[in-house]
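Next come the structures, one after another.
What follows is subunit A paired twice: with subunit B in the first complex and subunit C in the second.
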Partner chain A sequence: MNKIPALSPTVLLAVALLIYPLIFSGAFYLDVGVTFLLAAISASAWNIVGGYAGQVSVGHAMFFGLGAYAPLLCYKLYGWTPMAGIPFGIAASVALAILIGIPTFRLTGHYFSMATIAVAELIRIYFGTWDLVGAAIGLQGPATARGWWDLTFRSELPYYYIFLTVLAVLLSFTYLMERHRFGYYLRAIKVGERAARSLGVPVQQTKIRALVLSAMFTSVAGSLYSVKTGFIDPESGFGILVSVQMVIIAALGGAGRLYGPLIGALILIPLQTATNTWFGGGGTGLTFIVYGGIIVLIARYEPGGIYDLWEQISPRRWRRKHAS
Partner chain B sequence: MLLLQVIVGGLLLGAIYALFSSGLTLIWGMMNFINFAHGEFVMLGMYVSLLVVMYLGGGPAAFGFGAAFALFVLGVVVYLSLIRYVLRGPMLAQILSTFGLALLLRYTAFWIFSANFVSLPQTSLSGTINVGGILMPIPQLVAGVIAILLTIGLHLMLTCTTIGSQLLAVSEDRGAAMLMGIKPDRMQALAWGLSAGAAGIAGALMAIAYPWSPSVGETFGLTAFVVVALGGFGSVPGALFAGLIVGLIQALSAFWFGPIYKDIVVYALFVALLWLRPQGLMGKA
Partner chain C sequence: MLLEAHAVSKSFGDFFAVRDANLSVGEGEIVGLIGPNGAGKSTFFNCLAGDAVPTSGKIIFDGQDMTKAPPEAHARLGIGRTFQVPATFEGMSVIDNVMVGAFLRHPHQGDARDHASRIIELTGLKAQMDLAAHSLGTPGRKRLEIARVLATNPRLMLLDESLAGLTPTELQEAIRLVRKIHEMGITIVIVEHIMEVIMTLAGRVLAFNQGHVIASGRPEDVVKDEAVIEAYLGRGSHRVRRRSA
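Up next is the complex of A and B:
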């Protein structure tokens, strides 16, 4: 009884995302769709540690960037298919996550936030001077595909479905995590770390696991980005705006909610596309003024994001029906 | 001799780091709150100085007070309209509030002032003096010395005056302070004003001696984190000491490894500190 109403929005969503490219087949709409999916993947990955565990990373670009550089670096150095670099990106991200997690998770959450932003900046500046990774110019992927395995397609359609698959995997994973003991640990830590510890939750270990999982998926998102665009530089990989986008999308939709990042991306990506189209290149700066404003407003009025807001204002009957 | 020159330059810049970092550490010590927009406050102090010089005229004293006053007001307004409401909220709201504010201020500055580097027109402070073979530019020297004096002044104010005791009382025990007739909200607003004011005046001092663009706020904010972590969270003397050290480390790493590595070395120091001594050099374990 309970499962059907909980599942039906999911089915609707899945169908909508599956048929979107068939309805909006123009290059522009397809591009918006692909951007939306990538943003949703990144923000959902951030959500694991930032939302569920309540450890707010403001430097997730470091994992995104490592994931983005790895495929193109493999291609540049050895001529391998960019796909081969994805595991290397994941490995590097996991190592970095552990390096940051171990010292900062012993302290209060502020230290973790400060460390993430400092390390992301450190890596960004360093990659800008490192010749192996193309310094400030960055790296390029294969110009023309040598085969399907290069994942270099002229149309965006294959990317759309690849990204959609990854998003589906990530959301299923998160769904299972929510219902697993690990998910309960995370929520316990978020609500009250001391109480969680006194009840026997391995706090330190759980937080590090959450960060590692989040870093893995963020790294994959970065790899998808660079394989698709065939280009990466320090700013598009490690720039603070990459981190900002993950944070704002997850927080706007609802941090720590399964579909929060999806809702956030659904609102923000069209908004961003519209401002960029209307204002051209000059719109980028304006976009981030608006982003800053939105983040402040969320923090001040509704830290739970739109998801919480909806739960407050939605009709009581609907709420009771979906209470579980 | 060149090395000595580099060391002096680093210490003088470090003095300004000490001043704005003491503002950050004040807020942390009082309410366990990290201001991600602190570097942007410094950046705004620099632009306020520029605007004062351009439109009102006047020397360093005028724009120094102008920047300190403007940022004091901004700090109070930010506390009353935003921080007050998120202080007891979830971690997400605490971090996002000032992080969002930082973006808002930074990109508004980009929008208004463009990304180009600017510097103050020549003030009455210019030229260099030669102290025992070391050439010291007067603007840097004046800015550094004033920054040290102001940081010491802030410390004295916090430790030796009634207002300082009241601030301390609120940070120690909010409820008990209220019973003693201290209004915690007012004191915390004052702390934000002082913190932002210190950042603003540090910005004005920085503007005397160095060119800048809207992006410096991010660098200064991160530098302040490192200084505060090194000096121990909540300690103004610690910030003074650590500010000088960070300035020195930056100058030496720029000298030995090249200018691009100065921030890398400092951020790496931050990560190393978190591993080895999270309470800071002067903090208690």
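Up next is the complex of A and C:
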């Protein structure tokens, strides 16, 4: 009896996302839907380390990019289905996450954020000159599908449901993580690292595990992106905008909250699409301005994002507060 | 001896915050550390808790060398600590705060919750169980810190001014809580400014001044010690007292 009201927003959300393509079946709306899902997946992946553990990475594009390059590189080199590259992307991202986590998590303050920016930029520049991965031009996937396993579809519809499945898996994982010892440890580290250590929380190890998990899912997001677009270059894989978008979406919705990134993507993606459509090519620059504006607003008025804002103003919360 | 510190020194550059401090605490004791501000008792305390690594000397807990061990190893081996300024996990609820401690010995969420609930009942926080830690006042947060440490099943508890800043009634309650913890068989080392607390709780006291241990023994003897009075009131305080008499 008690569980049903708590579950109903989730059920409503799931139903809404499932039937969206049936209602808005036009190519434009489907594209917006797919873009939204991909943004929600990336930001939810970022949320594990950036939101729950409070270790703000501004270089998650490095995992996204590795995940994006791996499938198309496998196709280019061996003619495999791009799908086969996904595990390689994950493996490379995990290795990179460990490599970065070990030295930078020993430092406090903003060093981790700065280190992640630096590494992502270095990789972007390096990929831009590396012939194996197509240097500045990038890589392309199969032009026409040799079979369903190439995951090269003309319609966006299959991508929509594949992405939705991945998002569901990721959010279920995060939901379980919140209730597990690991989730409690992450939240404790976020608010009080020194106190957490004094209670026996293996801080360093827990942070690295969070970064590795986050990197794995971010890599999958990158793979989904490149398999869907059939194209990747250094800017769309490792560009700073890719990293910043994850941070902004999660922070806008509510960092460290299960549905935070989803809410953030629900607002930012339509907004971005609108500015891009209205202002055409000039809209790309406008994206930066919108991002900047959002950062200022979140930092100034509501660091907890829209999720916290909603909790403050929602009537149920109000009633509970006044009853006790 | 449960805890032994041999000639522990901690220096920052040329400045010695603690110099050649010795301490031995037997199982079941309550030992107080006193001294004026900046005497080095907090630094010494942090060395015992693993938060600071001594420049020289040795710290042995239950036969194991803990001198360079990190704080999390201290917790695992059964040394718990509170902080002078309460470091509760602010956004988390009271029960979640205590669960973070409980997870150390109870990796599964259900077991951790049961254990945390027992501790919360014991420490008198049951009514505030589901409130966010930041909504508690100072006394509540200090109590929560103690509960959180208790949840790790410590053998030794280091209390850093956990009873400071409380009203007289709250103080009596807190003293009762510390007694209760002591009766559970937990050894206690307590840093405290309030003499009332030290006199009623501690069986033995170490007085610090300028990094040195200047006196040790039964609390009623230590407070009468010339060096201790001088450390608190300043050099020449005898003369002042004589003059004003």
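One rule holds in what follows: the second predicted complex is superposed on the first by the 312 of 324 C-alpha atoms of A that agree within 3 Å, B and C clash if a C-alpha of one lies under 4 Å from a C-alpha of the other, contacts with A are read in each partner's own complex, and residues count from 1 in each chain.
The rule is short, and it goes like this: contacts are C-beta pairs under 8 Å (C-beta built on N, C-alpha and C of every residue); 3 or more make two chains touch, one makes a residue touch a chain.
Here the structure is a predicted model, which means the values were calculated and not measured.
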Check: So if we stack both complexes on subunit A, do subunit B and subunit C clash, or do they fit?
Finding: fit
Check: Touch check for A:Thr108: first (subunit B), second (subunit C), both, or neither?
Finding: first
Margin query: Comparing subunit B against subunit C, which has contacts with more of the residues in subunit A?
Written below: B
Margin query: I want to verify one number. Taking the Cα centroids, what angle sits at subunit A between subunit B and subunit C, in steps of 10 degrees?
Written below: 70
Notebook entry, point to check: Which partner does A:Tyr185 reach: the first (subunit B), the second (subunit C), both, or neither?
Noted result: second
Note to self: Under the stated touch criterion, which partner chain does A:Pro202 make contact with: subunit B (first), subunit C (second), both, or neither?
What the structure shows: second
Notebook entry, point to check: First (subunit B), second (subunit C), both or neither: which does A:Val58 touch?
Noted result: first
Check: Which partner does A:Arg146 reach: the first (subunit B), the second (subunit C), both, or neither?
Finding: neither
Next item on the list: Return first, second, both or neither, reflecting whether A:Ile298 touches subunit B, subunit C, both chains, or no partner chain.
Entry: first
Notebook entry, point to check: How far apart, in whole Å, are the nearest Cα atoms of subunit B and subunit C in the superposition?
Noted result: 10
Checklist line | Common ground on subunit A, meaning residues reached by subunit C in one complex and by subunit B in the other | finding: none
Next item on the list: Would you tell me which residues of subunit C are touching subunit A in their complex?
Entry: 49, 51, 70-72, 74-76, 80-81, 83, 87-92, 96, 99-101, 103-104, 107-109, 112, 148-149, 152
Next item on the list: Within their complex, state which residues of subunit A touch subunit B.
Entry: 50-51, 54-56, 58, 99-100, 102-104, 106-111, 113-115, 117-119, 121-122, 125-126, 128-129, 190, 240, 244, 247, 251, 255, 285-286, 288-289, 291-300, 303
Next item on the list: Mind listing the subunit B positions that touch subunit A in their complex?
Entry: 28, 32-34, 36, 82, 85-86, 89-97, 99-108, 110-111, 218, 222, 225-226, 229, 260-261, 263-264, 267-268, 270-271, 274-275, 278
Next item on the list: Under the touch definition given earlier, write down the residues of subunit A that touch subunit C in their complex.
Entry: 179-181, 184-185, 187-188, 191-192, 194-203
